[in-house]
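Going by the order they are written in, the chains are A, B and C; count residues from 1 in each one.
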């Protein structure tokens, strides 16, 4: 586990691609700051460009208070993360690709939170799914990494499909695709019969993206991504997309008992389960991943409420969490980068070596633990106020929040105390402080946790309230402040800290206990996922082996049978009752030709020698050409004759080089009769088709157009040729392309035969 | 005439499919060629055979004087014949190449199927070149 | 195929067929014929030539490589649609230059492209098969 980093000191400190590209988020952040004052006064910025007008789709973006909050978090985290990555990733391969993915992801994320059209939002939603797959699987040479990336894309991708279904159902139910029009639609949608289906689909989309139980397990596995990515995607931004979705849908779908009950239960269980599991691992990143689960669960839980304190609690905690979690992830990455490990058992006594990182971790951990004077404390206060004000299950909400917060307090203590104050392991080499690019992000984001904790009123007025107003139309003012007086939330905060200390004290016992429980679980969601995945792959390969077994006969028989069944069945019901009785006069010639063709075709079928078959084939072609000639088609008659001649030449050239046909096996018994039955049934079908077609009147208007315009407009007397080279010349161009391609492919095959 | 052609097309199609189902690759190509002919006839007949004059405008006139055969299906069939020819040629070359690798023209023969699955797994002709030497 | 009489007869035949092919190509807009048919006639002529005199002589006689012929045919046909674009008309719209009873237009160029593309394809396959 432990590698001494000093021997790879030749690696450059910093890569230029990262430094330069980190200007993009910085610039965006500056622009957002310019827009900030207007947006919080209620003047949302809106841009609209036509996209697909025929489908009533437009590129419509809108920046309101909620979008602004998200955009600020995304660009700020994006700046620090790419700055950080410029050092963290220095010397690694494919850096260009890495930063393209990273910034592409950031832009997609900004797209999600600013799109005002639901379809547009969905497009960006899918883009983040794909880009996160590429980022999680960045070290794609490792099989585990690939599995984890696949797990993430399968689960979030499936959620995306549900979301799409929900969007389509919403449209069916008469809902608007424009997000900013939703507040007016809420009542009609909530009373619609499709409401439960819409709700479930949207919820599954949000739950998969934001890793709610039972779809949570991809998130801890996604920690195989490079640490800056974990900080950016799995702490600050992407997993919050589901939370954002729930916020946006709140005015449309929220407030019902279905919404409240489901969200509170799902969120509460996720929070508790994530917090409990955070005690078990020794890998710092995994610990952080489980605490992220807890945070996402808490946000979901509070979005289940409909009172202003609940929604304010969710929004505040979103900010609190983004700041401390991104900071912690980056700091853990620094420890990993400087010491070569992020395993708690091999870390200790880093305080003298990495004092600035230690300071950032301390600030972030205290905010996470919810100590007074830190932003986390404010978040916790409003959380308890919100939980107590809920309509449904207030006791459950309060207890879930209390226990998960207490566990968080203990975990935050573990994260800070063990690596920095714990005993220094004997096998640890000399450690240097991380470069400034890697210290800046944790320090600033940790520091913001203190500043915001001291001036909560400013944060409340400039960030939280405008955001809550965007999805909570009742506009009830909830001001955050440092001290609300001696009340129940304050008491609960104190209980949390005390409980946290107790849990920290008995953490080893608890860890053993949790590990024991985890080991005893028989049915787990990752297990179910694996069973489904394996079953799916098995089914696909079984299916492929049955239908793609390489047998030409099997393929053809299946295709022919499908044709007979699909077209034959409806056709039988509409079979024409009366056919035109042919006029016997003048039919002697055509009948003769038809009999000639039939005889020749029979010869091809029965021939036991190849030469006879070739002759029969030529005779069929000649007979067909005669029919063309008799019924006024000299051009195709000529073409047919010439093609037959050339075909005979080429068939002879090829078959001359092949063994005689006599060696071939004969069809026997059942197979022969089955083949004959299939062929005859298609023959009967084709005959009745043609008879049926001939019963119906023919629309000759297109032919009439060609007949009238052929000479007048296109200066040609041969109407067939004029159609080919003038009226329908684009088709002809395509057709000669096919001919040339077939010839080239044939020549290439011959050449490879000669060389290979 | 239409009834006659309908029967002819049906019988030709049946014969073509019977050939294609035989499992012998050469017969498959013959059947393919025959099927092309029968489908061309089907399109031709579907355009009606009421008028037998060719769709050519007499010199000195600006449009057809007497009703003529339907020009539209003729244009379709003309290119269909040429494309059918190109496809038959390609199939023949493919057949030739397949025989070079598998030494059999029987699509149901185990050697043929084995070669197919081998080509599937190695994604190329590296497995095939060894075979040709034997 | 060493008979001198057959060789001489074939040369004569091939020459006549090629002339006939060009005739069919040029009259195709007004009478039965056109690029496809002319290419097939010329292809048959070359097939005959190749059978009697061997593929190498055919290659020498046509000078260009068959695939070049096919590609230039495609280019010509595709290019015949471009002038219409300059006049702000849809791609491949026929443009005509007419004087009296004689008329010349881009569809004729298109037809020549069809001729070359199909002939090139036939020759490519034919010669590859003969030489194998």
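By definition in this document, a residue touches a chain if its C-beta (ideal position, glycine included) is under 8 Å from a C-beta of that chain, and two chains touch if they have at least 3 such contacts.
This is a predicted model, so every value here is computed, not measured.
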| request: With centres defined as the mean of C-alpha atoms, identify the chain lying farthest from chain A. | output: C
| field | Between B-C and A-B, the pair with more C-beta contacts | value | A-B
| task | Could you tell me the distance, in whole angstrom, between the mean C-alpha positions of chain A and chain C? | result | 52
| note | Whole-angstrom distance, CA centroid of chain A to CA centroid of chain B, is 43
| query | Could you state the distance in Å from the CA-based centre of chain B to that of chain C? | reply | 23
| query | Which chain C residues reach two or more other chains? | reply | 30-32, 36, 40, 118, 121, 125, 128-129
| field | Two or more partner chains touched - positions in chain B | value | 54, 56, 59, 78-79, 82, 86, 89, 93
| For chain A, which residues are shared contacts with two or more other chains? | 634-635, 639, 643, 646, 650, 654, 657, 717-718, 720, 724, 732, 739, 742-743, 746, 750, 753
| request: Within their complex, state which residues of chain C touch chain A. | output: 28-37, 40-41, 43-44, 47, 51, 67, 70-71, 73-74, 77-78, 80-81, 91-92, 94, 96, 98, 103, 105, 107-108, 110-111, 113-114, 117-118, 120-122, 124-126, 128-130, 132
| query | What does chain C use to touch chain B in their complex? | reply | 30-32, 36, 40, 118, 121, 125, 128-129
| Contacting residues of chain A [partner chain C, same complex] | 634-635, 638-639, 642-643, 645-646, 649-650, 653-654, 657, 714-718, 720-722, 724-726, 729-730, 732-733, 736-737, 739-740, 742-744, 746-747, 750-751, 753-754
| note | Interface with chain A, chain B side, in the complex: residues 1-30, 33-34, 37-38, 40-42, 44-49, 51-59, 61-64, 68-72, 74-75, 77-79, 81-90, 92-97, 99-100, 105-108, 112-113, 116-117, 125, 128-129, 132
| task | Report the residues of chain A in contact with chain B in the complex, numbered from low to high. | result | 549-553, 556-557, 560, 579-582, 587, 590-591, 594, 597-598, 601-602, 604-605, 610, 613, 617, 620-621, 624, 627-628, 630-636, 639-640, 643, 646-647, 650-651, 654-655, 657-659, 661, 664-665, 667, 675-676, 678-680, 682-691, 693-694, 698, 700, 702-703, 706-708, 710-712, 717-720, 723-724, 728, 731-732, 735, 738-739, 742-743, 745-746, 749-750, 752-753, 756
